[in-house]
């Protein structure tokens, strides 16, 4: 069943490309309808979720058994929420109206392709399969940014994105190979590796492998100072691609940190938990401070992604610091990190879509070009403010549920780092309030006299995100329970 | 086998001859003369082969190289821009580098020859040519055959490249890349 | 003796078929009219099919060492032969239209077959003399093929430059062979294995280094790599595709066989090859970075690919995946290269980077094939190049040369840059006018190559299983 | 059930929003919602209900209505009823009134959640929501660019305090794996100190204690009902409330008591002087709020939470009254400048109401506020003689400024006509609050102590005779002093130089200090980091690429030109150099220039000559490669 | 004896290298290459004579080298002819179309 979620979009992507030119307007409805299938799959998986075990709904097939490579997919408390997030974000990104520059077939085919790939990253339980999807996501995003990005710089940004993350992914590949070479019999199966932990702890090899995969994930996450590809990529990417980039692709980095660095090299992770946590705190503060200095809306949101991913890594580092703090603390930190991944996906996804809406109307991202939009477009302002408040961690919205757990857990593990990291909350509050103020309050500049509020199609994309942000903020039980099965296992060590 | 003093003398003499004539190849003014000095060098080596009990091979070498150098001379007279290859000429580049490389090669290889230990297993008495024949048609059959195929290939290749006229007229006709811009070609 | 000879001849049936077929074909080309010359291609195809069939037939029960220890017709050789045959066949398909205008092109196919034969012989050589002769056959036909466009300045220039490098490399190699012969007392690899154990290290090193130069020329690795960009740019495009690949297959296999018989204590061949690999891949990549001629860029990228391929040699004897990584590399690289050059052939030799701008819109399939081959070169999964690189890096890490793997990684990332310089504009720029194209035979060839690139990655299992336990015989 | 006080305003707010098309309905609904909330709160308080709401995992939201919470849960909607009633009737046709009413209603919901919270997570939720609601309320008039800025300042300042709750929550979780107040008892001393620290920080920020006090000034940017609600029973009250509620456990921490007293006393004194010096009626009231909360903190620190609770209740009643009447003044005269008001003659009835509030503020018996203040004073003396004296001084200050404010704002004066007299509904709201203020006088009756102790579930100390006399004497002194100053016409200026007055009135320069020391550096740091990010970090990657590019260009030249070219290049340069120095020798400076010029030209020729890409360079490279190969194979075995 | 032979071989090889590197004319370069092969030939027969117990492979190696000489010369002439016809060039300096 999970396989369907990967295969069907891929097949339909090919079909989309094959649509005759005169029927090319069918590409969008076809893609949107297809994108509901993964959602259905997620819903069924959620309903069938077994809280008593780890990996489940596993589907496996031989691929290259001679090399220990298999096609294995499955979910657990960590991946299921991320799969759900991915499926949802792709659907709304496709629903969101966007000028496809006269290439609807290619655009929606790329999107469906990327959806299948992204689902594959989170579903795969074989390192090579994981890596295959991982690298293909770069390719898909490269073309999305390059072809549909705006500005002359789009090509450059696309290349920068591709180059930078490819280098990271190749480092990851080295790490994967390192792990592989320790398995006996040779296998890439994640389940088996997590079960047997083949890499001898404490050795130089384990350190090197950890550093290699760490670099790979740190680039993707991104952790300061490996984040420099992110702002240009976001600024030049089209809004739906930014949503996917921030909402889905960044999660791959943090997912990898949990799945591979933490689960496959637990002792090494434990040794490196403190440095990692320090890096995370640096990212938190750095991302927030730099975001505060931005005058460009999209760049601002991009840097807050650096900040939020810092929260996630902080939680993950705390969760992996076996031996420090209580099991409860580590467990709640992990839960918080995963919830943050979901929350950030929804919130930042919404923020990027909204920046797209603003750009579509004003053709600029410069904040000082705007003002007083609250009166002209109450719906736009309302959803934007909701997303901004969720992003700054207001209770009742999704971000708070995540950040609270991360900090509550981390405080028991790295008290000082958590305390320093908390400052990020204040800075993000300041910067988002300033952003809201600049965009929506004050006087409406005369040239935006015919400013339009959100269209129906835009609302179709945004309302589900906003609603989920609220739902997770108020009744997160359904989500936390699923994640908790995983967190407790990890926290136990 | 202990070579006699005569062998020593002959080998040394022909050796010096081979080296000197080889050197003169690049010291002479005319390409034609160069070709003949080259031939002399080959003949000297051929003579050394004969001294070293490889009479058959030595003779082959001398005969072959005489022929080849004659062809080379004719070739130069026929084709090259230096009319008849007889005019004085020096056409060298990167002279210093070349000298360094040449001397360097000599020093390294001579060092290897003098210093390195090679097994001491002299050739037994007997008819070397017979042994060669057996080898040729026995163990190394494949090598021999492969060399034959290579000769065939070079004949085909050399004719394909050098022949001015083929069975279908001008060999150069259409021997180029397909035109990138077909329409232009059609129009013209 | 004769009986043994007969058996030996049967053992190398694919070789006989290729040689015999080539001879028959030259008679055909010599006597038929111009209009019928083109059917030589069909003849070549038939010969290749027969040889391929024979090679496939023997896969079940490989004859192994034959011809009195001068030739190793083992499974690895059969696989190498198959790769060469496929490459040759694809080249034939790409050539038919390309050479149509040439007044004489029957001989071309003969030369192609003989050149393929040279590479095949190279792959099985376990005797220094056989190595020299096979090298000669492969090179000499290559020189002629590269310069086959006699009217084209670029082609003849490529041909003679190729020749000059090859001749010097051969000269050095022959001297080295003589040295090794003197040290070991024989020319077969078996003799080398026994004879070189206590050999004088200095002479051994010099001798091996000189032989290595000869092999490096065929491989296109540093320091005899310069012909690759020239040939890629100047030679007829189908020939360039062929020459960049076929020789590499034979040379890589024979290099592996050769180093296996060298005493590691006497000559530091492993670090030497590692250094050569490192320099080759880095140099090739850096030089490719700013090329504005796509064919020349492919030539330089081929240099860097050679560097990757040498990783397998570094790992031989230390990692059990060395041989299979080599074969994966050869297969993936060969197919990727055929696909890339196939696209160029299909575009009638289009080569300037500028002319690729916006071509994705009028020619989506062609650019798609180009992207697939480029991504495979970079090592993006699940394409063949990825599987190859995965195994190569695994093999060197396994052998204690992790730094080479790191360097490979860095180089792969660099290589993305110059591939993207072609891919990016093709997709991101405004749509260009459609280009005149070659006929459908070229499409078939490049289509097959592209599918193969994907298949080697996605459906790698049959190959992986077949290559898993492969050993290279040395006598 | 226990959630009713939260849900009623929450859902009520939604109903009001739904009714936005009819302003009248919305206005009526808002009052009804508040009344319903009062009822719900009273019901819940009488039941002492508890409840939980599971968030899954290790997170449960726990609420309970116990202790002082029982009073507080009712007090909040009671005052809110008056304030919302005032707001609902105060403005004319104004489309934004609905938004204001909804925000006020939700604000109450958040505050109620804070009040009934029984664990730190729930507390934090309520705490932050109150802050966010205050942002909405303060920035209500968003078209004026200044107001959202003030709202942001207020929110960010209080959010900084919120970090304290985060820390406290994390600490209790780390120590016990639970977030409940009940489990505080089990916390080890080390963690408890951290929790106490976090809570004190949070309370100080929320209750506008030094050094966070100035945010209250920013909060003045909101409409009057907002100020009234913010400064009485909600928002600011949260800080004192949580300390009152958790004092029994927190007092186990050694430094808790002195620090809280210190903060409270400092704020009481400093804030009192700020109020005294203020020229703006609302800001003066804001300053007095800080000062009054300072008094409550003194009581908490001294351990007499009932006194603090009593003071909180009394203050909530009279301060909302004072703010609303200040609003009336603003409406009536269009200004809040104390030197220009004196509306006593124009609005005599309002003046009386304001007077009641002012008397309470001045702590004149027999008002309830006087009773609670004396209890605070008694507690302070119990904590130490200097604390007691300081508190007495703060009391004197409150008498002084209360009297001053009344005289200047609603004292008899020249103003006869006003733009907008208060409406009937407004008067009802004011009257209600005044009545409640007066009603609190029952505390003076015997048993007043007991009522407070029961209501707050804490201790109270009856003042000694000496203390009572002292405080009464101070009240008299204060009133007299104001009367004298009034007579002499110096009540506005207080005889101080304008700059000194402005300095004190501007909260002793704290806002400037905060801007110079915190806000500016942080935003500058952000800008610097951004510049560094763009110019350094991003450039590192770029420069790696650039280096590769450079190398490759060099190599590209090299491979084509041959390694030989380098040798030539170096050699040529050497020869050129030698030649140049010779020329320079021969011909002096001119020659040098000439030499350089010819050198460059020659170098250009040289490089052109070497850039041939000839095959013999390939040969050279091959030979070099051979040598290197031999070397590598020899050296590295 | 073997020393003399190997030194002579080395000398001829060195001269060949010098010629191949220094000459501009293709034909002259080829002469240098032929000299290198000549040296190899001498060395091969030296070893056959002194070090390998008369292994006939040594003689065959000489024949192989002779074949290499002939074949390379033949293809070399053909290429020079072709280049000369297409470019009217017989020295390396004139061939510089193919470069970066």
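When the chains are written out, they are named A, B, C, D and E in that same order, and each has its own residue count from 1.
The rule is simple: a contact is a pair of C-beta atoms (placed from the backbone, for glycine too) under 8 Å apart; a residue touches a chain by one contact, two chains touch by 3 or more.
Note that the coordinates shown come from a computational prediction; the quantities given were computed from them, not determined experimentally.
Following the contact convention of this document, B, D is the list of chains adjacent to both chain C and chain E. Separation of chain A from chain D in touch steps, taking the shortest path, is 1.
Centroid distances from chain E, each centroid being the mean of CA atoms, peak for D.
Chain centres were defined as the mean of their Cα atoms; on that basis the chain farthest from chain B turns out to be D. When C-beta pairs in contact are tallied for each pair of chains, B-E comes out on top. Nearest to the global CA centroid, when each chain is reduced to the mean of its CA atoms, is chain A. Centre-to-centre separation of chain C and chain D, using mean CA positions: 72 Å. Centroids of chain A and chain B (each the mean of its C-alpha atoms) stand 68 Å apart. Rounded to a whole number, the gap between the C-alpha centres of chain A and chain C is 43 angstrom. Centre-to-centre spacing of chain B and chain D amounts to 94 Å, using the average Cα coordinate of each chain.
Contact with two or more other chains is made by residues 545, 556, 559, 614-616, 619-620, 623, 630 of chain D. Residue positions 129, 133, 136, 140, 143-144, 147, 150-152, 159-161, 164, 168, 172, 175, 179, 182-183, 185, 202, 206, 287, 290, 417 of chain C each touch two or more of the other chains.
Each of the following residues of chain E touches two or more other chains: 9, 13, 16-17, 20-22, 24, 29, 41, 46-48, 51-53, 57, 60, 64, 67, 71, 75, 78-80, 82, 85, 92-93, 95, 98, 100.
Two chains count as a pair here when they touch; such pairs are A-C, A-D, B-C, B-D, B-E, C-D, C-E, D-E.
Here chain B touches chain D in the complex through residues 93-94, 97, 101, 104-105, 108, going by the rule given at the top.
Across the complex, chain E meets chain B through its residues 1-19, 21-25, 27-28, 31-32, 34-35, 38, 41-42, 45-54, 56-57, 59-60, 62-64, 66-67, 69-71, 73-75, 77-82, 84-85, 88, 90-93. On chain C, the positions that touch chain B within their shared complex are 1, 5, 8, 12, 19, 22-23, 26, 34, 67-71, 97-98, 100-104, 107-108, 110-111, 114-115, 117-118, 121, 127, 129-130, 133-134, 136-137, 140-141, 143-145, 147-152, 155, 159, 175, 179, 182-183, 185, 195, 200, 202-203, 206, 236-237, 347-350, 435-436, 438. If you check the complex, the residues on chain B that touch chain C are 108-109, 111-112, 115-119, 121, 138-143, 146-147, 149-150, 152-154, 156-161, 166-183. Listed in rising order, the residues of chain C touching chain E in the complex are 128-129, 132-133, 136, 140, 143-144, 147, 150-154, 156-161, 163-164, 167-168, 170-172, 174-175, 177-179, 181-183, 185-188, 229-230, 233-234, 287, 290-291, 296.
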